[in-house]
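Accompanying notes for the structure given below.
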Amino acid sequence: MSKTVNIGIIGTQFMGKAHANAYNQLPRFFDTSANPVLHTACSRNREKANEFSEQFGWSKTETDWRKVVANDEIDLIDICTPNHLHHPIVMEAAKQGKNLLCEKPMALNTREAREMHEAAEAAGIIHMMIFNYRYVPALALAKKMISEGDIGRVYHFNAVYYQDWLTDPEFPYVWRHNVKETGSGAHGDMNAHIVDLARHLIGEFEAVSGVQEVFIKERPTGKGNEKAKVSADDATLFLARFRQGALGTFNATRFANGFKNHLRIEIFGSGGSLLFNLERLNELQYFSAGDNPDKQGFRNILVTDRSHPYLEAWWPPGHILGWEHTFVHQFSELIEGISLKKAVTPNFYDGLKCQEVLDSVVTSAQKEKWIPIGIDD
Amino acid sequence: MSKTVNIGIIGTQFMGKAHANAYNQLPRFFDTSANPVLHTACSRNREKANEFSEQFGWSKTETDWRKVVANDEIDLIDICTPNHLHHPIVMEAAKQGKNLLCEKPMALNTREAREMHEAAEAAGIIHMMIFNYRYVPALALAKKMISEGDIGRVYHFNAVYYQDWLTDPEFPYVWRHNVKETGSGAHGDMNAHIVDLARHLIGEFEAVSGVQEVFIKERPTGKGNEKAKVSADDATLFLARFRQGALGTFNATRFANGFKNHLRIEIFGSGGSLLFNLERLNELQYFSAGDNPDKQGFRNILVTDRSHPYLEAWWPPGHILGWEHTFVHQFSELIEGISLKKAVTPNFYDGLKCQEVLDSVVTSAQKEKWIPIGIDD
Amino acid sequence: MSKTVNIGIIGTQFMGKAHANAYNQLPRFFDTSANPVLHTACSRNREKANEFSEQFGWSKTETDWRKVVANDEIDLIDICTPNHLHHPIVMEAAKQGKNLLCEKPMALNTREAREMHEAAEAAGIIHMMIFNYRYVPALALAKKMISEGDIGRVYHFNAVYYQDWLTDPEFPYVWRHNVKETGSGAHGDMNAHIVDLARHLIGEFEAVSGVQEVFIKERPTGKGNEKAKVSADDATLFLARFRQGALGTFNATRFANGFKNHLRIEIFGSGGSLLFNLERLNELQYFSAGDNPDKQGFRNILVTDRSHPYLEAWWPPGHILGWEHTFVHQFSELIEGISLKKAVTPNFYDGLKCQEVLDSVVTSAQKEKWIPIGIDD
Amino acid sequence: MSKTVNIGIIGTQFMGKAHANAYNQLPRFFDTSANPVLHTACSRNREKANEFSEQFGWSKTETDWRKVVANDEIDLIDICTPNHLHHPIVMEAAKQGKNLLCEKPMALNTREAREMHEAAEAAGIIHMMIFNYRYVPALALAKKMISEGDIGRVYHFNAVYYQDWLTDPEFPYVWRHNVKETGSGAHGDMNAHIVDLARHLIGEFEAVSGVQEVFIKERPTGKGNEKAKVSADDATLFLARFRQGALGTFNATRFANGFKNHLRIEIFGSGGSLLFNLERLNELQYFSAGDNPDKQGFRNILVTDRSHPYLEAWWPPGHILGWEHTFVHQFSELIEGISLKKAVTPNFYDGLKCQEVLDSVVTSAQKEKWIPIGIDD
């Protein structure tokens, strides 16, 4: 395993931390054909960059992302910045022929996303989107079960993503409330995840109809009694039709009091159903219509057996994994892809398709009608 | 308690049975100022009428509902027929000055519902809609808690009603698949309940956007290989805006494999949240944002204490009630209303308002855009 | 159905009410070959007897149980009195040739229980013990599944019965605290149920080792500051060995804060497991070791399908039953047994065997060692 | 943070892996005053030792534990060997003045445990037992809540530890079936955890009464049809009295079909109750008797807030932790203790007290009577 992948990470906040941890954990638990090397960490704030590097073992620090992108030693650019920087960094890094990992949502809009996808394809690099919930073992199992026909033809895909950190009107104004920096609020941050899971699990969207709301119109800035106008959505809900015929409901909100990070999915098919809840991410509920009629019921599968996806790498049955493990799983595929020059998923195409759906929801909310999803593919 | 209310029931199927049971149980457990008397049971099928009368103790039987409505001895007409008969029976019975109890959905459309409401009001009778889930003790407690401000301003009202009896494509064609007899499928049968609960718990709808689907287009009639075209919706989903500012999602389907009669409600407010599930109808989950931050969490309230709504009439704490009890609770208010000539709720106005929402959802699904709810009130 | 069974009930409190309701409901939902007739209700308190009779429709009232037992018109004596009266009433009624229904626990001790059983057998009457939880549909299903081998050889039977109404030290002294009237506290009242269920579901006990405790030694009588010494156990726990080789734990307490009437059973076998909780009595959890290894998990069976035990009599799937229905189910077998002169279970033999276990637990707690269960059968 | 603690680990199986991971993770997430250094890994099997060292980054490998213990550079001996080696290693290492970390159960019997405790104390070293479940955040919160009086006087402490990997009679004979190597089966492996938690959460045991069973007496060795006799217990159950007056039940079994690593605790007190389940280790259920009577219920606390124990080091609310994190938490205290020469808990005294309880249970099972716990402290 002498091969290495030198990583330059841009952004050292919450996501930077999660990624850095995963790079460290990866070779301890997975046998990939190359080793990730924590080469350079970049933050506009020098002090933060240093602290982050020391904490997770990055060899160098930078404060200018352009220098990272330009560094010949670096094989992979990992983008954990605020959303409005995804596009410029990707465009520049693709030009430099860097492999790319990008946090979700991909871009501020579909146009940006399309450019990014085209640039990455043109550059012939390996590109990947972080949609780490595909790598929850229970959802990887769900994917396998759906593919193998365990629930038959899917009729319904319902997903919610509930948080409650904005419920308090006194929660202060932050950059996430400003649509210019963030692209959107709950929608881009949370619906991006469940839109991707829907595409991953049952296929492409056909049309959507949504609604968005800012419940608390102004929030305190912390400067005296000043308040700033909130432009990012507190909640975005939408209905969907899928190409394969299913109906869907999607509901992302930061105003679901009592729920911290509650991503829940229900999939109903002709042969059975699947239920999942991120706050109990080691469990998958499965109803099989083929079970003896008197003894049917949702089975609560504890997805911790060695035979379950990714579990052989970890602990014996019943010893549960946490949220952070999803990144290790995803990175095992990324590093392998880069090492073997083999395309991976979810990639920028998936990011683009997700962005199309998100944008169409916004349009539908503005026009108060159903919007078909781009049919150019 | 020498006072009596003589009842004539029309329809002796599932709902007739539930009502008959409740009339029998009412005086055993509730102290109302009049006694219900099981006077006449009516079914087009004489044999069924006789059997039903013997089973539940009705004094007389009829096969023609007009005779029941015309009978001077009868104080209350209880309508448990297929939906398309609600309107003619109500119109005739109102003319005869009968008090009226009507199963949901009220009518085939808003026009019928409005005529029925006007006729009942003009006749000065007591009229009531069966929306029995208002009388689940846990939901009566939820109503009380919301009224008293326990969850503050409501931001979200999400409801689903899942059944799975149509999942099998071989399930035969029945009258419920024919929109002419039934008015609608899952929509009128199931959304009617959750629309009423939404109005009851948080107030009037402002606008809706929906989608309807028939997943299995044709079903076997049982005559050789003959198949009949299904016109009633298998599933109807919609988004809603409420006048007080909340957003809502509604989802009624008969294709939710594994769910038998799963009505679930989530209500998120500024001060807390409430969760309910009809298959565990003795429980109400409550999150209070006012609890100590380190010790917050959804409380699972077992709604069986004597101090909980309707519970004093029944058993000690922890001895759970069933689905049928909701009718006894509702009838305690109906009989009292008739006895004291005091208007009750939910009444035909509530039936009409529910019908308006249901019809607007259908229109929105057809036009693929948001439809405002009638603002004439 | 011209045949009738004339009932004389002795005791009109909580259990009297539950029984009276069940006699009324029985013919409305079950097709038995005789009809129960509510003939005479007996309470020492004339006013209570009258009120009870009016509420539930008993034809006559008595204040002396001996007159009920002596009444030639009465076919069945239903004993809902405090425990110390079970023995004298049964002995006298058996002498009169009355069929007998007796609430649990059967007697104050094994000697009494044995006399009662012998008297009933000698009299050639139909005798039944109220162990109504055998008639919870989910537990009837569990019985069927165990009998049919669904969980193989049973290794463990663990049961708890938790209540919390005595947790408050200020809860006043009542007759249930006096061992002379009640025989025992939590032990006889609550362990009686789970001991019977254990015998019913997996067979006879071999030996037990228990411990009993009175946590609050004295309680206020309500007369000034007077306190009375509590003699009945607040909690009784024990270990058990079963003849078929399984191990068991049993735990009955009135000091389980937050639990109202929480009877929970876990049964682990070589082929699977079953879990049950009385506060969710419409559900049975089943693990099948035979399921595909990757898709195994506890299934939550909603026991409300027409094919489930007793359910055909009631409502469609998903419409849950309550606690009181268990009596209707048990009485359907009792009335049929009396009508057809056919022995029923659980009967006085079951009451006796249960009493032997309960008494042995008390002895083991006193002697601080294991006690074998009587091997005279 | 230039200070370091050089670690020599003995044993490289499941527990070795868990410890090695925690040493790596510790400095990335916790700010301790010294850094753990992965100095030497020791396994009798050279190949395994090398592989393990490469995987987790140990600098050297050894195959003879005596050399590790004798190495002057090493500050801490971490013992992850089979149980019968705990005593010799500890005795030797204490002589060498090494700080000690020992996996549970501490020893094969109380005599060994006492010698080990005395040796460690005499040597003046820092000694710690691995009882990592004390470091589950939810249980650390439970400890805090009990200490602060949130549930008042404790009446009941009930714990189970269920696994199912021996349910299959064809599961082959392994060293864990041989009482000479393992000391005991389910008892030492699983009851050790819940006995420690009981002591930690509510205090010392007073007396116990237990039962042990080997359900499958012989198992295949894999050599033809040969079978070997199983001497280690498949299940050990016991009752307990605590010095502060509470009663307890304990139940450890490897025959609980469907349960993988299910450690569940119920604690009932005068002011409330707590429930915990290791397979949902991010949750703690709390009933507060002080809540408004109409709104009481078990709260499901998602123990992932920054204010919860150990959580500030990790991720935002709702991003759950896994089983392995408990070791990181425990090691943060161990390394700090060694760095500051400050005694830590749980230490060898806790290991000894746990061993006394375990041994007394075995004695009580043999003598079929209650055994008081050693009162020499």
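By written order: A, B, C and D. Residues from 1 in each chain.
Please note the rule applied: a contact is a pair of C-beta atoms (placed from the backbone, for glycine too) under 8 Å apart; a residue touches a chain by one contact, two chains touch by 3 or more.
If you want to know which protein each chain is, UniProt gives these names: A, B, C, D = Gfo/Idh/MocA family oxidoreductase.
This one's a predicted model, so the numbers in the text were calculated from it and none came from an experiment.
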| item | value |
| --- | --- |
| Partner chains that subunit A and subunit B have in common | C, D |
| Pair with more cross-chain C-beta pairs in contact, given A-C and A-D | A-D |
| From subunit C, the most remote chain by mean C-alpha position | A |
| Approximate Å spacing (C-alpha centroids) for the pair subunit A, subunit D | 36 |
| Distance between the centres, which are taken as Cα means, of subunit C and subunit A, whole angstrom | 54 |
| Where subunit C touches two or more other chains, by residue | 259, 296-298, 302, 305 |
| Complex contact set, residues of subunit A against subunit C | 141, 145, 150, 283-286, 288, 291, 293-302, 305, 307-308 |
| Parts of subunit A lying in touch with subunit D, wherever the complex brings them together | 14, 18, 21, 24, 27-28, 55-57, 163, 165, 259-262, 278-282, 302, 304-305, 314-325 |
| Residues on subunit C engaged by subunit D in the complex (per definition of touch) | 151, 155-156, 158, 160, 162, 164, 167, 169, 209-211, 213, 215, 235, 237-239, 241, 245, 247, 249, 251, 253, 255-259, 266, 268-273, 287, 289, 296-298, 368-370 |
